[in-house]
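As structure tokens, the structure follows; a few thoughts come after it.
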Amino acid sequence: MKPLNIGVIGYGFMGRAHSNAFRKVGNFFPLDRKLVLKAACGRDAAKTKAFADTWGYESTTSDWKELIARDDIDLIDIAAPNNVHAEIAIAAAKGGKMILCEKPLAMNPAEAVKMVAAVEKAKVANMVWYNYRRIPAVTLAKELIDAGRLGKIFHYRAKFLQDWTINADVPQGGAGTWRLDASVAGSGVTGDLLAHCIDTALWLNGGIDSVTAMTETFVKERKHALSGKKQKVLIDDASAFLARFSNGSLATFEATRYARGHKALYTFEINGEHGSLCWDLHDLHRLQFFDHRDAGNVRGWRSIHVSDGDQPYMKHWWVPGLQIGYEHSFVHQVADFVAGLSNGQPAAPTFRDGLATDYVTDAVLKSAKSRRWQNVKSARSK
Amino acid sequence: MKPLNIGVIGYGFMGRAHSNAFRKVGNFFPLDRKLVLKAACGRDAAKTKAFADTWGYESTTSDWKELIARDDIDLIDIAAPNNVHAEIAIAAAKGGKMILCEKPLAMNPAEAVKMVAAVEKAKVANMVWYNYRRIPAVTLAKELIDAGRLGKIFHYRAKFLQDWTINADVPQGGAGTWRLDASVAGSGVTGDLLAHCIDTALWLNGGIDSVTAMTETFVKERKHALSGKKQKVLIDDASAFLARFSNGSLATFEATRYARGHKALYTFEINGEHGSLCWDLHDLHRLQFFDHRDAGNVRGWRSIHVSDGDQPYMKHWWVPGLQIGYEHSFVHQVADFVAGLSNGQPAAPTFRDGLATDYVTDAVLKSAKSRRWQNVKSARSK
Amino acid sequence: MKPLNIGVIGYGFMGRAHSNAFRKVGNFFPLDRKLVLKAACGRDAAKTKAFADTWGYESTTSDWKELIARDDIDLIDIAAPNNVHAEIAIAAAKGGKMILCEKPLAMNPAEAVKMVAAVEKAKVANMVWYNYRRIPAVTLAKELIDAGRLGKIFHYRAKFLQDWTINADVPQGGAGTWRLDASVAGSGVTGDLLAHCIDTALWLNGGIDSVTAMTETFVKERKHALSGKKQKVLIDDASAFLARFSNGSLATFEATRYARGHKALYTFEINGEHGSLCWDLHDLHRLQFFDHRDAGNVRGWRSIHVSDGDQPYMKHWWVPGLQIGYEHSFVHQVADFVAGLSNGQPAAPTFRDGLATDYVTDAVLKSAKSRRWQNVKSARSK
Amino acid sequence: MKPLNIGVIGYGFMGRAHSNAFRKVGNFFPLDRKLVLKAACGRDAAKTKAFADTWGYESTTSDWKELIARDDIDLIDIAAPNNVHAEIAIAAAKGGKMILCEKPLAMNPAEAVKMVAAVEKAKVANMVWYNYRRIPAVTLAKELIDAGRLGKIFHYRAKFLQDWTINADVPQGGAGTWRLDASVAGSGVTGDLLAHCIDTALWLNGGIDSVTAMTETFVKERKHALSGKKQKVLIDDASAFLARFSNGSLATFEATRYARGHKALYTFEINGEHGSLCWDLHDLHRLQFFDHRDAGNVRGWRSIHVSDGDQPYMKHWWVPGLQIGYEHSFVHQVADFVAGLSNGQPAAPTFRDGLATDYVTDAVLKSAKSRRWQNVKSARSK
């Protein structure tokens, strides 16, 4: 079996999630490439070494350019903070590497456009880690929608609620908290959390035409984790918007890190003429489905425990009734990516799909400033 | 419209529940009799008077025999403690009165047999207040079972969990706590709570052949509410049994007043070849239904919000989505009782049905003592 | 006990809900006035008569002015469609009658302002039937918020989802469907459903400063129920808005009659520094409460079954664990209204509170047209 | 780091689950031994080879005695059917190998006693794969009970419901269906499913004194998967029992493969003086906790999303809110087993703990036959 040599950049939360997927996918999915953990790259040499030891990477470096220059690396996995995605990805594309890039694709659409151009010019396989598409319950939702089970769509609503930054002592910047530092993250919950909601929504319900938004920063100043100095907080702590989809449906979206009681409650609901679907990340193995075509007296929301072999991805795991978890969505994404290399159907979301999400988050942030409805650019028309 | 003159005996919890039903049923259900609250009877004259004033009873007495003797009373409603059911009911039957009797029917099957004989001899309309049959979700369960939606039945399980007597300071005897006094209540949770579970089970799943049971009294002594003296507790605090139904299905039943966190959690589940049903009193307006004949990838337990006009009893209430509560089951029972007076189909459960339940609770109590399987007598064969 | 003579105008859904409350409240709540169902008024004489017979009204009329002119009527209950609220209420106030008025208070703020002026000038007791405040779980939410259990508030979100008008054959106008006729209803879901959400929100979370909204009419034409002619639909089928409260919190609101699977799913959630609350009308007897001050390893959303005597209103009903339903909120409202007549604390929401809600719905409708953020007028400053 | 060389026997469902745990544990837990997948053993050479390739076992064999004879194997993992546990385990103990054995420990207590004797004589580390103890929510339950959060225990109830053998065409014997063949499995749901319930119960609530049980075989004959011949079914399809624990609490237990709608619904509930706990395998990442010491008006069942770093095992995985799944319980068991090798506290359940469960299942099967209460032997007294 031909090897697929991987070089990962970043050893944080996402570095672990991706590495686990790379190591594990072959145990459960039939692949025609053998994934090899070739090299790990990170700023801190000691941490990079420890990470490589834990996961079995063969070598380490602190220079990502070196990684790209190596002939024995086929794929660059970008698990580093948002502010370095563009430079690395563009260089990797020029170097002819396949690229997996963490979400959001870029700091802004301008960067993202260049990244898309680079990978499309280089014709390298590319994908963004919007992993939630491949939670089996979410994939099942997609199948039901595509099969017409909902009919004409009237409503979409999504939210992503967390509560980990309510404490004003949480710093900005640094290892675990760079997502609060606008210079590294680009934006706050809009790019971090709403981006997930938007990616799923565009996949399930098509394009968004226009939005009106509001954002808020509840804690105005935070210490920087590295400098220790109080600095103005420039990210959005909370972000909400109304939207109109191209298919005529209306939507509400909301994300925040100030919703007490919710750790990572990403939830979406979609209402159509014939039925509705609802999903939530805190019980990710379930899909709620209402089928109006059931007989009137026994209609009800079905709580589908997505753990059977005839449901997406599940035949590769255990037996009916035994649930999988968060990390498995990454395994599925790798399995589909590898399959896409040879079957002529590149796995989505590609960088171009990631750009589409960036256009929406950009419109959201602009609307929050302008206090006007903002049209959303299309990523489809070049 | 011909009046139906009612005399109630008892002004406690059940006296209120019945009175509310009598007063209210005509506002929501078309009846061909006009219910008249003619007289209230109770031991304490002042309390009886206050009760009559609150509910609009025309007169009061503290002598139930006087009530039975009155020509202008058509129906005797027995809302008094268990130890007086038999005497009153037999006298009322002899007096030619219709009788509604609180559950359990009697202190023991011997009493119950006499009560059945009395009403059947007198040919008076009779019914036991097993009100849960007429929670719309429970009635819907019955309809689905009768329509064959579950197929062959394999399992039945029911429990009734409360937690109000954990505190050893709760007395026995007296107004609110006579259910802990064996001389008044007959038994503890077996007659009080399991009786409800059994009545529903017999209705939904047919007869029970045999049982093996255990009971326990966790608090061995309690003060008597009236005498203030510590007395041995003679009721069962908890009771559980295994059962075999005549249709070949297996069952588990349990009731207790020591299940912390449950106020009145009566729940049943029934599993058949093609589907299953589950209901619980804490969310009484919902029925859970699993239909195995749904397509495999979208099978799931449906949470049916029983509040639509095409669901049992609900067209008489509000609009879809607006739930009714506990008290409405009594209203439905009165509506059906009155309808049964003229349509030739006497409403169940009759006294004979109540006897069937008493035979099961009797077998349960006997098995708990004998530590043997106990056969259950049939109430059908005269 | 001094009588409180009631004349009701309207025999539809709300006429029944109010009448049930008037009849029933004295059975459960100690009142110092005896409610008397004196007269019922409606356009159709036969229907009015049948309604009066069912509920026990002593007399009927089809002329509401006659009702107001009667000396033996103390209170006018307006259960008629929105387009007649103002005229009747202003006349009733001039006639010195107490007034209970269905929600929304008026067709628009201009009317509502006049109604407020009329009752305040006449110094008559007045209240709007926003009944959901008095669902015990909602009242408990209010108590917890007022006790500071949530701390500083960051987020509020509410929605009211129905699905009964998806079928394009549902007519507009007429008895059951006047809510689709803009000339009678004023607006669609904004005045009908969002008004409920807004009333609760203003009560729980204080004033709203500004909103940005969108509305949609999915079915563009419907037959008129009376004329049979197809007419343009002028109401909003769906309405959503973002809001900023005066206390700095952010909110999303949404209502629709096109959310398949939801009959009357009014739900709200409020997130504060120390805790969060969540409630939903489909399980109205439960309140979800997350208390961040619970120990870290056992924190979780508590599902509070609001059926105990130490929870709002519940000591007047049954025993712990036995739930009440939708209709009981009206009973509570009447109990509080009557208590307010003598205790010097008039029950809310008053007409002035109703005006505050009308100002918000007006801003929502204006914003949906202007596509701009709209400031909300205050009902407090005269 | 010193290697821990593993030889696995069996390549089925459990062979996969164990292998996944062995491969993965070092990526997430700090260990002082390096787990090496040394050899895989199975009857079918080709399947064994494929299994070894998938999971990275260095070598294969079809002779388990050869495996035990190898000096470079430290640990024998028995993932083969029940009827070979005893012979292999006893030989492995004699060979001085550590042993991990699938549950139930043996075909009957007689076998289990010998196995316990063998490992205790050989002083080899030993453990039974009752993995559910190490679902984080279950471990948290144990911690809360041990900390006295429930107080005196009154009730325990557990059930394990499946529905995969309702179809009479499911064969007995063979690869996926040996659990229906009594000669291989020993018993049906009693040893397969109830054993899990019992292991957890003994751990959480102490010893069981006596039981009364019933079992049933709904489908009387099934084809054998290998011979194709119809044979009498000798296993129990369903099994239920009442129990009394040494601590005075009462229990109900039930398992079946005929509960339509439940794939693998293992659920337990425990009720104590101060609180209650409830867990279910279909939502394994949640623990329900009722704390009676919460203030009366805000008491409710807390749904604890066990995904935080301060909850058992979770700091090794992702971030709060992101759930793990079924397979992780095996990883935890391996982590604890390896830690137990050096910290002087051997991880439980040991073979002796496994014997305790076998004594209960044996009493259950005997009671079902004798129709009498049966005392349970203690595994503690040698």
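Each chain carries a letter (A, B, C and D) given by its place in the written order, and its residues are counted from 1.
The definition used in the following text is that a contact is a pair of C-beta atoms (placed from the backbone, for glycine too) under 8 Å apart; a residue touches a chain by one contact, two chains touch by 3 or more.
Just so we're clear, the structure is a prediction, and the values are computed from it rather than from any experiment.
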Problem set entry | For chain C, the least number of touch steps when starting out from chain A | 1
Seminar exercise, completed: Outermost chain relative to chain C, judged by CA means, is D
Problem set entry | Separation of mean Cα positions, chain B and chain A [Å, integer] | 55
Exercise. In angstrom, rounded to a whole number, how far apart do the mean CA points of chain A and chain D lie?
Worked result: 36
For this session: Mind checking the centre-to-centre distance between chain B and chain D? Centres are C-alpha means, answer in whole Å.
Result: 42
For this session: Give me the residues of chain C that touch two or more other chains.
Result: 262, 286, 299, 301, 305, 308
Problem set entry | chain B-touching residues of chain C, taken from the complex the two chains share | 13, 17, 19-20, 23-24, 26-27, 54-55, 162, 164, 262-265, 281-286, 305, 307-308, 317-328
Seminar exercise, completed: In their shared complex, chain B is touched by residues of chain D numbered 150, 154-155, 157, 159, 161, 163, 166, 212-214, 216, 218, 238, 240-242, 244, 248, 250, 252, 254, 256, 258-262, 271-276, 290, 292, 299, 301, 371-373
Exercise. Hey, which residues of chain D end up touching chain C in the complex?
Worked result: 140, 143-144, 149, 286-287, 289, 291, 294, 296-305, 308, 310-311
